[in-house]
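Two complexes follow with chain A in common, the first pairing it with chain B and the second with chain C.
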Partner chain A sequence: MAGREFSVETQDLTRVFRVKRREARGQGREVVALDRATLAVERGELFGVLGPNGAGKTTLIKILATLLSPTTGTARVAGVDVVENPWEVRRHIGMVSGGESSGYGLLTVEENLWMFSQFYGMRSADARERIRELLEVVGLADRAKTKIYHLSTGMRQKMNFARGFLTDPEVLFLDEPTIGLDVQTARTLRSYIREWIDEHPERTILLTTHYMYEADELCDRVAIIDRGKVLACDSPAALKRGLQGEVVFRLKVDGDRDLGPLLDGAGGIERFTHAARDGHTEIDLILGDENALVPVLSAIQGAGARLLSLEKREPTLEDVFLRLVGRSLTAEDGGGDELPRLRR
Partner chain B sequence: MTARVRGGESWRSLRVGAWLGWQIESNWTDLFLFAVYSVVKPVAGALILVFMYLVVARGGLENPLFPYIFVGNAFYIYVGAVLMGISWVVIDDREHYGMLKYMYAAPLNIYTYLIGRGVAQTAIATVATTITLLFGVGVLGIHIPPGRVDWGLLAGTFVLGLAALAFLGLLLGGATLLTARHNYFIGQGVAGALYLLSGVVFPLDVLPRGLQWVGKGLPVTYWLEALRRAVLGDGGNEALRSLSTGTVVLVLALSTGVLAVASIVFFRWAERVAHRRGLLDMQTMH
Partner chain C sequence: MTFLRTVWGRAYPRVVGMQREKSWMLFDVFLPLLQVAAYVYIYRAIGAPPEFTGFVVLGGAMTAYWMNILWNMASQLYWEKETGNLELYIIAPTSRMAILLGMAVGGIFATTIRAVGVLGAGILVFRVPMAPTSVPALIGVFLFTLVALYGLGMLMASLFLLWGRQAWHIANLFQEPVFLVSGFYFPVRALGFLVALGASIVPITLGLDAMRQLLYPQMMEGLRFLPVGVELGALAVLGAVFLFSAHRALRFFENLARREGRLTLRGQ
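So, the complex of A and B:
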């Protein structure tokens, strides 16, 4: 990597949280949120960190944004060590945390953003012009003079998104920026993220997400992270190419069935997930080759289940994650009716 | 990084913090109601004190103790306002507005930002104190002839005392970084202790000897003593009568200096701990 210019570099970055005895409930009193994470994000990249909830994505961003000290390891942002000189790092960064409705409720949208621009020393007239542009982008132009306690959570989130881009920071951290937003808004914000980085090739974005398609659609490179460990890091296309020797199927069978033990016993399956959805069971399979499908179908039929659909599909980052980790990205979301994912 | 850049950031942080503080303090209602509230609150506070004095202490308004109590109580408005105004920002920004982490990720000077946030409270306290004093002179007949007020002493000690309160607020702010919802009680506790121990309404002389010594170690005690000497011509505390006014001011300046160093050292330590333990964005009450 000699000769390249990195906006973000981490080396064996580790963060361990101590859990209070009364909160540990018989489990370990230490939680490893980041486990020797080593990353190098080049200047001008839109770099994604993809992982399920609790993978360590937010911890990584907090450390890079100087909000949290690492336990061990080093991190540099814009060439500056985040522990040794956090004040200097802050002059180069911006940060947006998704799913939050933060902001001063008694101020208007415009005032909230203007106030923030002043901390960065922006000229007031420039700030107002930039605010106007960004409010157009996020669809809040008609709410500029509205006090934010009148805004919905989604609108506040859009305002916070605009705040992140306000100063055109050298390195921008976007922590799940579209989480909880409606589909149309999320799409608009994603296209602005791509547009912004294309217009500012000297800037860098580090984006965390647990939405596979977001990482796939937006990012130049993606690091897949789980339980604090960086498992793989490459372009989405290259990561998916890693599954080239394997085939991916999606099956739907009738009823809400626990097919785990049955699939466990079938040969030729590299990885699988199964989840109950809307009265049927959906199974994603990564097979060593297509021939392995036959015994799977026989086993399903033998269990009395009726096959509703069978689809051979191109590998996605979800499959890459499944291949690497043995469970799906959404398995620990807590909101679905997913059955436990099994690793083979 | 140059001192000029740091200075610019500190000034911006102070200026924007003060602007934000004023917006938050004054924007909760319309201007008329805010003005009425700003007048009625201190007058009501003064009346409560007067009735307590008349009923509980059975004293007369012409008793020399009354101006002592009244002036001490009027200036004590600053103690609660500045102390809580600065320290409460930490918990308000962190838990109510969810903005503390964004402040910490921005290039601002957190110390001047917090002090800036306290400026609005100070301005409101100034209005309240002025109204209280005018009410005392105009309605209650407290004798404060402007020609006999030592304006130089008043201005000098006033500024020194505000600085002491600001640093005390920072100290509490540091504690708030590390604590959850208890800050309110800590702030109230400290303000209450200062009310008792700094000779706000009780002269130091009536306190037990041990508490007198505690009171003599507090800058607020010397601040109020100097302010009373400037306004009334007499501090009213027998325990401090042997000290010249110059000595009182000197002790105030020295104790403010010590408090400044202690509060900055403590706040920095609290910041390091908060960074280490991940407390800058904890949510415990909202």
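So, the complex of A and C:
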């Protein structure tokens, strides 16, 4: 890696939280949120950290943004150690967290953004100009004079998104920036993220998400993280190429069925998930080869289920995650009835 | 320059907030005036000299500052944590002291309007006699009191950085007892020298006593706690000590909170 400039580097980064005795409820009193995570993000990269809720993504960002100390390991941002010199790190970074409700309700959108710009020493005239530009980008220009307690959650999130870009930071941390936003708004923000990094090739973005398509669409490279561990790190294309020898199918069968035991008994399945959705059951399969589909179909037929559709898919990052972890990205997402299974 | 911009940036919400939420006139002027009225009528019922009405009205006006210290300085960082602002303050490349100073400046501005409201209404309603011996000295004592008081507020804010919901209880704990021991409604000497000495850790104790001496020198002759000059000196020392301690404590508690993960932990 000699000669490459890294905006973010972590080495065996670990964070353990202690749980109060009364909250531990018989379980361990320590929670490992981040487990020896090692990453290197090059300057100019749009780097994604993809993982389900509770994977350790936010913990990673909080450490890099100097809000949380690691238990062990090291982290450097813009070449500066986050533990030894957090003050210097802060001169180089910005952060936006999805779902945050920062700002003061009595202030207008414009005033809130201006206030935060002052903490970075921006001249008021420059700040106001930049605020105008960004409010145009996020579609809040007509709300500039609206007090933020009148804003919807989505609008408030757009305002916070704009805040993150106010100072064009050298390293920008985006923690689930589109969470809870409507499709159109999320698309607008994603498009601006890509545009911004293209216009500022010397800047770096580290984005966490549990939306597979967001990581796939935006990121130059993606680290897949689960239960605090970095499981894989490469470009989305390369990660998907890792599944090249395998085939991915999506099947729909009628009714809400627990097909786990049946699929467990079928040969040739590398990984699978199945979930009840809108009166049918959806099954995602990763197979060693196409021939393995035949016994699966026979087993389904044997169980009295009716096949509604069968689709051979290109592998996605969701499949990569399933292959690595044995469950889908959305399995612990409050999505309800998805039943992950691990084979091999 | 970033320091000054930060101070003004953080003061701004408090300065404009006053103009945008007029309900403060009811809660921060009318209601405190009722409390003041209770003491005024007690003093009148027992035939106390009219200067005692002045003691009470002055104390009533200063309660606004103590409330501001407890609820908008000391426990403010807890509220900021709950709304997500604290994280943004911490990652900003600016001085935490500048943020606290901005809170203090904004708080002083907003609270002074409230205090003037209570004072003005009290003077008009209760016809309080005021004859300051030295206006510059009175203003000086008032300013030194504010510096020391908001220095204490900044120090408390750094301590509250670590606490969660306890902040609410602790602020409550400090509210009424301080009204009593600092002599908001009577000369503090009435509690005895030692109690007054202990209560002097809250700068309003000394500030109120000195301002009463300057407004009602004859009445305060037998009731004063310490000479005005000593109280002014003590206020200067308290101000310096509190500001220095706030600076040190802020850094210490921020580091401790970062290690313990309390900067980002909401709903504690």
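Simple rule for what comes next: the second predicted complex is superposed on the first by the 337 of 344 C-alpha atoms of A that agree within 3 Å, B and C clash if a C-alpha of one lies under 4 Å from a C-alpha of the other, contacts with A are read in each partner's own complex, and residues count from 1 in each chain.
Note that contacts are C-beta pairs under 8 Å (C-beta built on N, C-alpha and C of every residue); 3 or more make two chains touch, one makes a residue touch a chain.
Please read these numbers as outputs of a predicted model, since none were measured by experiment.
Q: Here chain A is shared; do chain B and chain C fit on it together or clash?
A: With chain A aligned, chain B runs into chain C, so clash.
Q: If you stack the two complexes on chain A, which partner ends up touching A:Asp12: first (chain B), second (chain C), both, or neither?
A: neither
Q: Between chain B (first) and chain C (second), which, if any, makes contact with A:Trp87: first, second, both or neither?
A: After superposition on chain A, A:Trp87 lies in contact with both partners, chain B and chain C.
Q: Applying the document's definition of touch, where does A:Glu282 land relative to chain B and chain C: first, second, both, or neither?
A: A:Glu282: touches no partner chain.
Q: Quick check for you: in the superposed arrangement, does A:Leu67 touch first (chain B), second (chain C), both or neither?
A: In the superposition, A:Leu67 touches chain B and chain C alike.
Q: If we overlay the two complexes on their shared chain A, which of chain B and chain C does A:Asp256 touch? Say first, second, both or neither.
A: Neither partner.
Q: Do any residues of chain A touch both chain B and chain C, and if so, which are they?
A: 17, 62, 65-69, 87, 90-91, 93-95, 97, 100-104, 106-107, 111, 115-116, 118-121, 163
Q: Tell me, which parts of chain A touch chain B in their complex?
A: 17, 62, 65-69, 87-88, 90-91, 93-95, 97, 100-107, 111, 115-116, 118-121, 163
Q: For chain A, which residues are in contact with chain C within the complex?
A: 15, 17, 62, 65-69, 86-87, 90-91, 93-95, 97, 100-104, 106-107, 111, 114-122, 147, 163
Q: In the complex, go through chain C and note every residue touching chain A.
A: Counting only chain C, the residues touching chain A are 1-2, 5-6, 8-10, 12-13, 16-17, 20-21, 83-85, 87-94, 99, 258-259, 261, 263-264.
Q: Spell out the part of chain B that touches chain A in their complex, as residue ranges.
A: So the residues of chain B touching chain A come out as 1, 8-9, 12-13, 15-16, 19-20, 23-24, 27-28, 97-99, 101-108, 272, 275-276, 278, 280-281.
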